[in-house]
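Have a look at this one before I ask anything.
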Amino acid sequence: GHSTLDMARPVRTGRGEVVFAEGKKTEHLLEIVEVFLSRGENLLVSRVREDQLGPLLERFPRLVYHAEARCCTHVASPPPPCAHRVGVVTGGTSDVPVAEEAAITCEFYGVGVERVYDVGVAGINRLLARLEEMRSLRALVVVAGMEGALPSVVAGLVDRPVIGVPTSVGYGAALEGMTPLLAMLTSCVPGLAVVNIDNGFGAGYLASLIARL
Amino acid sequence: GHSTLDMARPVRTGRGEVVFAEGKKTEHLLEIVEVFLSRGENLLVSRVREDQLGPLLERFPRLVYHAEARCCTHVASPPPPCAHRVGVVTGGTSDVPVAEEAAITCEFYGVGVERVYDVGVAGINRLLARLEEMRSLRALVVVAGMEGALPSVVAGLVDRPVIGVPTSVGYGAALEGMTPLLAMLTSCVPGLAVVNIDNGFGAGYLASLIARL
Amino acid sequence: GHSTLDMARPVRTGRGEVVFAEGKKTEHLLEIVEVFLSRGENLLVSRVREDQLGPLLERFPRLVYHAEARCCTHVASPPPPCAHRVGVVTGGTSDVPVAEEAAITCEFYGVGVERVYDVGVAGINRLLARLEEMRSLRALVVVAGMEGALPSVVAGLVDRPVIGVPTSVGYGAALEGMTPLLAMLTSCVPGLAVVNIDNGFGAGYLASLIARL
Amino acid sequence: GHSTLDMARPVRTGRGEVVFAEGKKTEHLLEIVEVFLSRGENLLVSRVREDQLGPLLERFPRLVYHAEARCCTHVASPPPPCAHRVGVVTGGTSDVPVAEEAAITCEFYGVGVERVYDVGVAGINRLLARLEEMRSLRALVVVAGMEGALPSVVAGLVDRPVIGVPTSVGYGAALEGMTPLLAMLTSCVPGLAVVNIDNGFGAGYLASLIARL
Amino acid sequence: GHSTLDMARPVRTGRGEVVFAEGKKTEHLLEIVEVFLSRGENLLVSRVREDQLGPLLERFPRLVYHAEARCCTHVASPPPPCAHRVGVVTGGTSDVPVAEEAAITCEFYGVGVERVYDVGVAGINRLLARLEEMRSLRALVVVAGMEGALPSVVAGLVDRPVIGVPTSVGYGAALEGMTPLLAMLTSCVPGLAVVNIDNGFGAGYLASLIARL
Amino acid sequence: GHSTLDMARPVRTGRGEVVFAEGKKTEHLLEIVEVFLSRGENLLVSRVREDQLGPLLERFPRLVYHAEARCCTHVASPPPPCAHRVGVVTGGTSDVPVAEEAAITCEFYGVGVERVYDVGVAGINRLLARLEEMRSLRALVVVAGMEGALPSVVAGLVDRPVIGVPTSVGYGAALEGMTPLLAMLTSCVPGLAVVNIDNGFGAGYLASLIARL
Amino acid sequence: GHSTLDMARPVRTGRGEVVFAEGKKTEHLLEIVEVFLSRGENLLVSRVREDQLGPLLERFPRLVYHAEARCCTHVASPPPPCAHRVGVVTGGTSDVPVAEEAAITCEFYGVGVERVYDVGVAGINRLLARLEEMRSLRALVVVAGMEGALPSVVAGLVDRPVIGVPTSVGYGAALEGMTPLLAMLTSCVPGLAVVNIDNGFGAGYLASLIARL
Amino acid sequence: GHSTLDMARPVRTGRGEVVFAEGKKTEHLLEIVEVFLSRGENLLVSRVREDQLGPLLERFPRLVYHAEARCCTHVASPPPPCAHRVGVVTGGTSDVPVAEEAAITCEFYGVGVERVYDVGVAGINRLLARLEEMRSLRALVVVAGMEGALPSVVAGLVDRPVIGVPTSVGYGAALEGMTPLLAMLTSCVPGLAVVNIDNGFGAGYLASLIARL
């Protein structure tokens, strides 16, 4: 009753479908997943809540659970191979769950990922050590909380499209991610655009779109 | 004295240099432009204030002024041709100056532009009439003020990277562009990332980077 | 002791009374409901908390519970029939509880409702498919979270009064509904006014008022 | 070049066209007005800047200027008569320009207006004295700045659709109209919806839409 | 160790001491209460958490608990009688806990209180019915959430000092009390000043100070 | 036309009338002042703009202009003498215009004023030197910008009603007065209430009301 | 996998390493602590959650737990003695946990601490009584919530570097610490800089850096 | 009249006096400068407006004007020499006026300054080239607008006290400096504290205080 499935979209795009689990009642989630799996489509279920996980995996044992990314995938038919790879970079270890959501999303769409984690501006030598690797990639997803400076620094060093993902890591003046969001938007370095706070999925989707151009 | 020119960057990127005129004293602006032109580089001077324009064009008659985009360019050696084109789309006519800044930036970097202006959600048939054209482009810069809904609608219809540019067009609850900025960031459609309010330059730079991948 | 019942209002307006349950202690809620039911009035109890539901239904078995709308109604004497119908539209399935609150409120006041759910801008063809139906209605309640673009799009396509209801669906830059609220208020399309975040009741009340003019 | 005129709209709605002058260059404004007038349509030009007024009236002597509302109208063919009237109410005298924009808009669409000005909550007896008059109207546009309490009070006394228009009148904590906007949205009285700060046009448009149902 | 008791204050002011319980560990709270009671002073313990209540009353059976106001008092020596009374007024029943905090505070300082509850602007006749009573009082504490209009209306009708107390009652655009706070501050009626959101204690303290002048 | 004079108020309160000049057109201002003066009432015209001053004093030579307070007064019949005095205190010299508005307002209502200027927390010994004087007054208006700490400090030292007036003095994080406003509202000292930013009139009005109780 | 340890830093600075426990999974925390302890380094684990404390102390009995500061330390080799001492000052008792975090951090880096607690502006005599002591110290960490006035007052009285630490103590307009943060930043007294809300660690680190210059 | 000069302060601190010119009327400014110069004190007049400059220099030819810092100084008796130097660093050239205010302030207090300008994160090699120089200084003032990342990067590389100064350079999401302010406050690197937006004076004052310890 409550859902109007958009059949045009997956057909037109040839991309797998995505379900956002977090705000849904478990029974509704199961119904929707049922529909997509029964149609033999590739499926990514993102932001799976802990209480949804058991019922989901029990009913659909085909689903693969990615714990850190908090998502499930089912690949019925692998997407065509992609010649290019994408980088996923984080400032700290607390940003890793969001980064993994981006990475799993890229991989779900058939794009390989290079992970460059915990190389934030507090010790910039860690970042400099991996520059060449980063310059060989097609696009970079850069995930950072607190002051959100890392995407600017990366965009200044690597001439590739950079997608900044602010995270809600931090407290007080970090304003639950609003501060790194605003900081990334006002970056003095061009070549950088930004997605919503903690939106690893959106960043991974866009990066894979660019990698497949 | 006050500037530390970053010689590494244009050499490494092979891209023309950009000077942000708005916040600079005219004498400082003239000095900086002098340096870059004397080195025979391609140059884009963005956000030229009215009082800067006369002295600038008088001293450097080579500069071409783009009135609606409020910027000047000098192309010493044209960039290599690019096989792909970029679309620049606006919601209304008041968004055109920001859109032109994006378009001129793309063209400065050698990437052709398709302009699709005044096709906002108030009369969505205007947008639907140009869908096929938009689907043939490499990336889309979508410029909108007020409620900022257009990038979402475009990203829902076209499977290309979309760069949303919120503008400060509007009043009251538009919060000088903060409202369309936030709206674009929370878009329910993936494939979209966002740059700062009125930042046509940043969007054009990123679009040209993607078109040239 | 703590309540000053406004006897003038239901008499003057001839409309049923409404009790907002959420912020009340269960014992106070029961007392107030008691008073209204004993006077033989139509009653709508909105935003019933889970812990209030049991005691409420046990003590007043006459009350009908509407689970998705989280409200209870008792219709002692049905309101006079209304020739016109109202549409309740949502962007996604997560907006349905707020939409149901609006719909039940309309029906409580005797106004029929057409439900048009999950037709948001991510797949605008779903909305276009139901345009004629929407044009036949007296007023439209349009419920959307995240970027809140749907009321603008609807108001651009249907020449009926549109009441926008922003929802707190979304995260990060959605600012718990403040972003769709601001976006709806700055709509570039006229014919649209807005109520508080998640305020399905207020929208339904106003829509029924318009339908009965 | 920059405008994509939406021919479908005025034809479909049978309502006169509106041009928002404030953000436009005078030459662009003149061109657009030219197009509409030459097609023999009714036209409302809102928010005319002082520097635009002279050229506008000189070139189009047919236009009627409404000084307090800061708008011009031309009625080529009067709209069909409307049986119902609308009320426009203000809290203070400083709110009158916004109120006049609403009133002129209603009248442009052929709906008669009752003006009830300067009856704010500082001296509530002034409002009570005009209650019966207000109850005879089809819808009420209530304009108020500062604490924005008037629409709530009116909606509590009159069972008609109320459209609240917050104004930027006030200083300090009035936050340029954001405070009355938020206050109206959180009204404890139903039957009230809100438009953008200072948006007399939007309120008048919606009120006339309701009056003509 | 952690507290520096300010002995000068109660001696100088001759007013009972107040302890703010909410943020304190129970053991620290008990120690501080011990000190004050052992000195034979009048004591008001405000904002007592549920988990603190048992231990507090068990150890100090002399304390009187005021459930709705969530505070405890002990009056060792009653304050001198006060010739004047203070009014405590609320918009709705949900504002009563804050109002009771104000009322108990006044009474603790020996000032009698007239309670006028649930007379908000949704049904203004309830307020008008009690005007004469309110005009006979020395000062008025007016407590309201949501749009916070009541203090303005009261100050427009009664020529007494009005202390506005915004409450966190409401949702969405009520911004946890920030909206009524801002609304009260921008009141168009003079004779009104404001305290922090939900700060019944502060309002009651100031009202009793005025009543005793 | 646009004004609804509230005749009930000055009669009922026996207090002089006040006109807020700032937002009014000069011709409207002159008309309103004409009405009040012709009725022989005491009149305070606050926030007179520079361009209004000449016409105002030329037409009404009886008006006395108070330059620092930017207001004009005419006292037709002096108010009855008041036994109590009020203190007006500022943190710095930039706060003096707001303080003078408060002081002139008190004097207009017949209440004597003690001025204690430039005694802010940067050099607290200046404040301590004048404590005894301040303790002899009936109420204190304390005016401060920037961090707005002075009202708290004064309320901690003097057991009189304190009315805090935040000013827009400061820059950056002072947020045009919002920071001292919020700071005063969250004061850890009771006995203090707050009016709008720069609202010297409101503070003086309330102080005189208290002094006359 | 997820961490890139910055070996350069502790070697270069000769300062002990710090681990921020709060946002980490217990197993990750244990691993990181393991690495540092096994290298024989001094270690400070800050913001230890209750559920982390047991496993941490059980596995590393060498760690010393500081309950009020919510942190653990292990000093393998004491830092060289420091000739200077630092003061840690609070406005109230609720600010003590943040203050203790600052104090323990200083001591961890070998700098002695003078604690001056609960001397806020509500009773300024408590502060004045300890002025001489404070003037003998090298730098002052001043911790305050609510209106955050204390650092200004201290900086006005003591000519030493003052580091202001706003706390989230307070409610309503305290905005979870944003209000004291903004207030400290706009202080009218020089000699004061500010760290993030509740950031006792950052303040203690900087104070010890200054003391060791 | 309006000023209460704090004689205790310059005597106690032995530091020159500072006058903040911006908000003062020229005549008041001249009076205050007169007083200080006549007492033979060192004087710094900061934020001199253009219209104040002529009268100031004409009346007090002894004053030295520093154009970029927009301030005037008079050194009657040079402060004692200081063994240590301070660094003043900027992200871009637009930050230089604020940086110069900091530098002139340090020099006024007798502390030498190393200027390191235009070394922002867009080209981080410019910063790395000057690291050794920066490590030899006593404290660093780091000035940056837009995303405000530079102080974090510097604090991660140099183990000296860093004072971050956010500037209002930038547009849109830079929020007139609020974004770099918040970013600096949430820095993931310790050793950094922050002053108000554009507050070069405050940063220079604190840096000189630290250099002289």
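We just call them A, B, C, D, E, F, G and H in the order they show up, numbering each chain from 1.
Please note the rule applied: a residue touches a chain if its C-beta (ideal position, glycine included) is under 8 Å from a C-beta of that chain, and two chains touch if they have at least 3 such contacts.
Everything quoted here is computed from the prediction, not taken from an experiment.
For the pair subunit B and subunit D, chains touching both partners: C. Farthest from subunit A in terms of Cα centroid separation is F. Simply put, of D-E and F-H, more C-beta pairs touch at D-E.
Chain copies subunit B and subunit H are related through a rotation whose angle, from the C-alpha fit, is 90° to the nearest 5.
Between subunit E and subunit G the centroid-to-centroid distance comes to 35 Å (mean Cα coordinates, whole Å). Subunit E and subunit F have Cα centroids lying 26 Å from one another. Once the centre of each chain is set as its mean CA position, subunit D and subunit H turn out to be 50 Å apart. One finds 43 Å separating the Cα centroids of subunit F and subunit G.
Counting partners per residue, subunit A has 122-123, 172-174, 178, 181, 185-186, 196 as the residues that reach two or more other chains.
By the definition given earlier, chain contacts exist for A-B, A-C, A-G, A-H, B-C, B-D, B-H, C-D, C-E, D-E, D-F, E-F, E-G, F-G, F-H, G-H.
Partner subunit G is touched in their complex by these residues of subunit F: 91-92, 120-124, 146-149, 152-153, 156-157, 170, 172-175, 178-180, 182-189. Note for the complex: subunit E touches subunit C at residues 93-94, 96, 117-119, 122-123, 125-126, 169, 171-174. Listed in rising order, the residues of subunit D touching subunit B in the complex are 1-4, 6, 8-9, 23-24, 28, 166, 168, 176-178, 181, 196-199.
Taken together, the subunit F residues at the contact with subunit E in this complex read 12-13, 15, 18, 138, 159-161, 163, 181, 185-186, 190-196, 201-203, 205-206, 209-210, 213.
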